[in-house]
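Remarks on the structure that follows.
By letter and in written order, the chains are A, B, C and D; residue numbering begins at 1 in each of them.
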Amino acid sequence: MKRIFDPVHHFIGLSDAEAHLLDLPVMQRLRRLRQLGLAYLAFPSAEHSRFSHALGALAMGTRAFDELVRQGPEFFAGADDVDRQRRLVRAALLLHDVGHGPFSHACEAVLGVPHEARTSELLALPDVRSAIEALDVDPGEVLGLIVGDADSPYPALRELVSGPNLDADRMDYLQRDAYFTGIASGRYDAEQLVASLRLYEREGRVVMGIDARGVVALESFVMARYMMFASVYFHHTTRIFERVLQDVLRELWPDPRALDPISEFARWDDFRVLNELADHQSEAARALRERIVVYALAAEFNAERDLRKYEACERALSDAFGSENVWADEQSQVLHRLPLGIGQDHTVWVGSGATLADAREVSDLIAKLTGKAYWRKLFVKRQRVDVAEARRICAELVLR
Amino acid sequence: MKRIFDPVHHFIGLSDAEAHLLDLPVMQRLRRLRQLGLAYLAFPSAEHSRFSHALGALAMGTRAFDELVRQGPEFFAGADDVDRQRRLVRAALLLHDVGHGPFSHACEAVLGVPHEARTSELLALPDVRSAIEALDVDPGEVLGLIVGDADSPYPALRELVSGPNLDADRMDYLQRDAYFTGIASGRYDAEQLVASLRLYEREGRVVMGIDARGVVALESFVMARYMMFASVYFHHTTRIFERVLQDVLRELWPDPRALDPISEFARWDDFRVLNELADHQSEAARALRERIVVYALAAEFNAERDLRKYEACERALSDAFGSENVWADEQSQVLHRLPLGIGQDHTVWVGSGATLADAREVSDLIAKLTGKAYWRKLFVKRQRVDVAEARRICAELVLR
Amino acid sequence: MKRIFDPVHHFIGLSDAEAHLLDLPVMQRLRRLRQLGLAYLAFPSAEHSRFSHALGALAMGTRAFDELVRQGPEFFAGADDVDRQRRLVRAALLLHDVGHGPFSHACEAVLGVPHEARTSELLALPDVRSAIEALDVDPGEVLGLIVGDADSPYPALRELVSGPNLDADRMDYLQRDAYFTGIASGRYDAEQLVASLRLYEREGRVVMGIDARGVVALESFVMARYMMFASVYFHHTTRIFERVLQDVLRELWPDPRALDPISEFARWDDFRVLNELADHQSEAARALRERIVVYALAAEFNAERDLRKYEACERALSDAFGSENVWADEQSQVLHRLPLGIGQDHTVWVGSGATLADAREVSDLIAKLTGKAYWRKLFVKRQRVDVAEARRICAELVLR
Amino acid sequence: MKRIFDPVHHFIGLSDAEAHLLDLPVMQRLRRLRQLGLAYLAFPSAEHSRFSHALGALAMGTRAFDELVRQGPEFFAGADDVDRQRRLVRAALLLHDVGHGPFSHACEAVLGVPHEARTSELLALPDVRSAIEALDVDPGEVLGLIVGDADSPYPALRELVSGPNLDADRMDYLQRDAYFTGIASGRYDAEQLVASLRLYEREGRVVMGIDARGVVALESFVMARYMMFASVYFHHTTRIFERVLQDVLRELWPDPRALDPISEFARWDDFRVLNELADHQSEAARALRERIVVYALAAEFNAERDLRKYEACERALSDAFGSENVWADEQSQVLHRLPLGIGQDHTVWVGSGATLADAREVSDLIAKLTGKAYWRKLFVKRQRVDVAEARRICAELVLR
């Protein structure tokens, strides 16, 4: 039994076998992958790694699991079954991000291999496989929870590990990213959310949901995610450097299959990428090295209805400065992942007495927030464009 | 110059004249009015007073005012004008809650006199008047800011003191109530909101608004208010005791004009009310004294569409148990106070370059959240109703 | 099972019988006793009550107890014994402050009855006694833990409830007082301290101690206590009003036996005292009502060696202004309560492998801090003394 | 004017020229130097960089400087002088850590070049020099403040930048390290300390000191430093890996002059070191890569008097297992840096009215804590030593 201290969740306990798993090179590598990629160029303190997040996901997931057991012991076949499922969900949470490449999303965008595919290969490495077996869990079941296997015999655990709504991954990263950036609105009512988690039986299947008293906590969870997207994940400085980074990665790996051998993949991390740039002469490499903000924000449109204005501005800027000097960056996110069609799988079920309702029915807030949020930004190249003029052009079009 | 330490805003500075104002009986009385009334019966630590809130509103309002000056010095007629307006807004913020009676809202509900009317009388008391004059501000102007006088020569300050959207009152109380209850989702991005405050000229008038970079902070502010309503202000336990309290207050003051002489009003506070109950034999007094939860929650409906179900359940409960044993508690709040008609007065103006837009245009979140949130609760009297049966009746109607 | 949310410890769970105990008038009365007496006149937000502290002590004590069980199951006679002792320590922690009168220390000073004596009488009241019995614990054993009965069959629990070093009372109040005043240095490493708690057998008796890895946490606990004394508990404003308060209480209760009937005692609280003052014409009552700071600090001496200077200044001030206008306020506290003679009862035992050492042997910090800290303040009456002159007199003597 | 958000100090403002300085490669390099070296192997979240610390030192130093000006305008020759000194102290704080090599202390230990020497060379680089000049300050004066030039014309600023007692460096790093590790006892009363800073004239020279009301804050500052040493900086896991790291660095740089050319030095950082290890076959490199804890703690002695026991245990372990398998790690730190001889330079002067006293005279706590704290650990090599037997040997010697 080992205890690790974390500023977000305080003591996090580990069995000896779990501690051993953490020491494997594939896990230690996560210390060299930053949870928020290049966001530290906008929020200097956002330097926390996927390693500390893996521990945090373990902590939140375990609290969630223990609450499910406390509130619904009838869903488990005795103490042994509880212990086994607990070991399983903990293993999956520790390993859930192991397949991320350097700067996760940029790496996936450039190489085209989703991190789930890497995970599968990494879990098959002999030292990883034997460390998982030492946890007394099935490596295949661990993988199933991580990649969201539709046939997993543990649908509730799968939801907890890789579900779209109530996953421990997000339960940790929102709190953690809020802590390390200092963004107050990224916090949500974590204790209350966990305390409201329940297992329910619905149409013959076990689903994870919340007790009616947890609806506000669920709403706070939905909102915190939005706030972090708006403040941090899609911050214009972050976006600019992520774009630059993709150019850099393409330089580094002209062959998109360069990292395909898993042994090669496992040797790459954020730090190595930054290191290899030291002598690159390209504009992109230099931009990353010296934090040169290559683009300037000419206009920003965050309302759905602004699509036409956004497109008009983009055209006007391209006409004025050449499309190669304009970058139209359109990001969107569903405000929550509760699907439009009521009765489908991926909603959050809310229990109240004997009834079970869809979260969108009991929460007007969630119902109103159905749909997407947009972050549309028009950037121009600082070196080649008169930024003031670009802003003037957009402002004029907006006023019309 | 005096410094007071506050856990939310840290050091809060006061001039000698302000410190003297604070020591007046009318201000010291605020120490015996709890900011959240009876909410401490649900959240035991929510025992903070309107006195600490007055200091907090002063702190937030001063930061906001200083930012307005820093960003828009052209809106002021030199250093003297800045100093004078600063003294004025500070005086108004310190005094803004002085007219609240014991348990504010309950007192108003029972006696029918709004706290603004009391404020006017209290500010006219000789010691208060002379303390205000010692601040080198005009008592009439102070009152104008507090009661939201439409003719105030300082519309931006009035907005800061008593406005519906960007007031320092709320800027403090959300943070303070979140701190003292521990509700994480009640926090908002206060630093970012204050940093984005701006004065703008619009149609020949000075209005307060925010810079476009502050939109997310504004959204977080709107959401924090909702979260506090949902978690704390309309918590079912709070609601139950507020109802009981009204019965108690009617017992205490059979004549609704009992507190009309301002000298009498000034002698009442939460503590005195609790004290006078010590020997009352009524059920209500005993309930308050011994925290007897007189009502039980039979059903709760928080979605707008549930109106009909709510009404059906109310009828069914009344039929089953008698309407005197059922309490249908319907609360609602607009999710934000930006009015429906665009172009009207009370929106938040968002500046971006030369343009000025309505917050509902630039924020889909705010646009989507237009309208009201509802908290409809059906309670039954615990002593006279079979609670399980009442819940069953409602559950059955809901399922239909 | 009921859950109460607290900003310091988050959810605190209660059994139904414990919740019932909390609702008794003797417990509800604790909501009207402020944990820090009049300190709110120096720290406006320090308005928290002994009620929220009772819940906090329950929370910390339960965590501590659970850790003792986890680390030393061999000290308990099976699951039933653990459950019983757990119920017992929880009952004692909930009730430990029930005997405090209005403004605790001032009340004891004026009436001369220690709160332990009141506790004994209160626990014997029929409704309290039956509520305790409903917890399935022995009222006599509960009282034994609270008053520190030397013959208690549970020496470790007694230490946890009323011990001088590792009591849950202090574990909560330091965190709580630090939170509500905002004093950062009042925080200590609570998680680490609790995680290091152990039961040991020493000379045939069970003692509570800490594992060697918890020494720094223990040091932080000792220091936090000092910091809170220095910053808050002995703050000069607090001291001034506590002195004034004693005058007021003597006015209120000219007969020191006025509160001796326990039924009368139970009807008094801070709020009632403040209330009864409303019409008192005495200088003291007015001072409390209008926060008139009757005394001014002429000089302050916090080093032990300053005793002679302190006494010389007191004499000089008395000569100059009359002793009735000078108040020499000498407070002291042992820096920790680990006694000088090694091997005595009340030290903290530190385990390391098979050995057990005295905390003063393993911690130089604790060893160095043996002895007392002093807070000696010389006050003069503002109305009757030239304060600047008083300060000049002291400064001159100090410089000599 | 640019604003950067930091979770510890919130918004930190920068002039354009300061922002430009930050973007230089020598400053961006600080993002790849972790503030706490390898402590993240014990505290996974302690991954914050010297870059965020440089911003934090700027924030604390500016607050401190502004308070010095507010409280002692007479020490400055008008607004221009204030502005110039403010620019100067800010430049020095931003640059104060620029000379640190990879893993700071380990690098210095292995290469033998103090970071001050590197700083001097780095500040002479053309791009750095011109960026400093663009701040309208003298590069020589900046260097003087950083290296603690005894002849600096600004002794108070030098104290603020590189002094042993009241430096902004420590004011930030204690708060920051406490935040990122989560160690509560590492926090001190920062607001109160800054609010008490004063300039005094003493024996014809300007010295920085504190007002008497800040003594407790100073004590909390002294204690926080001790707590961080005890909990984090000298944590046994940190110590073990720092030792391993030195072996690794000697492998990497067999020639201690390898980094002497400043252009080469500037190309090294923590990340590059970790990267270069990827294929090293040495035991040390592998240990770092896979977090192999090479040593086990056999015994620990933190009290001064334990020196003899410590030495006896070391001898016994060496006899039993061979001295090459035993590591006796003795660390010590003065508890504060206020020198023994009263009246010397480096104390903190405490003002009270007209008098000025040494902090050790007015604070018994500081006086008692004079001297050193010791952290003496005996480690054995896990692979070659029976750890249980080693612990037994030590325990037996201790008991004697």
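Going forward, a contact is a pair of C-beta atoms (placed from the backbone, for glycine too) under 8 Å apart; a residue touches a chain by one contact, two chains touch by 3 or more.
If you're wondering where the values come from, they're calculated on a predicted model, not measured in any experiment.
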Any chance you could name the chains that touch subunit C and subunit D both? A, B
Farthest from subunit A by Cα centre, which chain is it? Let me know. C
Quick one: report the Å distance separating subunit A from subunit C, using the average Cα coordinate of each chain. 46
Determine the centre-to-centre distance between subunit A and subunit B, using the mean Cα coordinates as centres, and give it in whole Å. 37
Residue numbers in subunit A touching two or more further chains are 5, 10, 183, 192
The residues of subunit C that touch subunit A in their complex are 3, 5, 10-11, 191-192, 195
Where on subunit D is subunit C touching in the complex? 183-185, 187-190, 212, 215-217, 219-220, 223-224, 226-227, 230-231, 300, 302-304, 352-355, 361-365, 367-369, 371, 373-374, 391-392, 395, 398-399
Which residues of subunit B touch subunit C in the complex? 4-8, 10, 22-25, 28, 31-32, 40, 43-45, 47-49, 51-52, 55, 179-183, 267, 271-272, 274-275, 278, 289-292
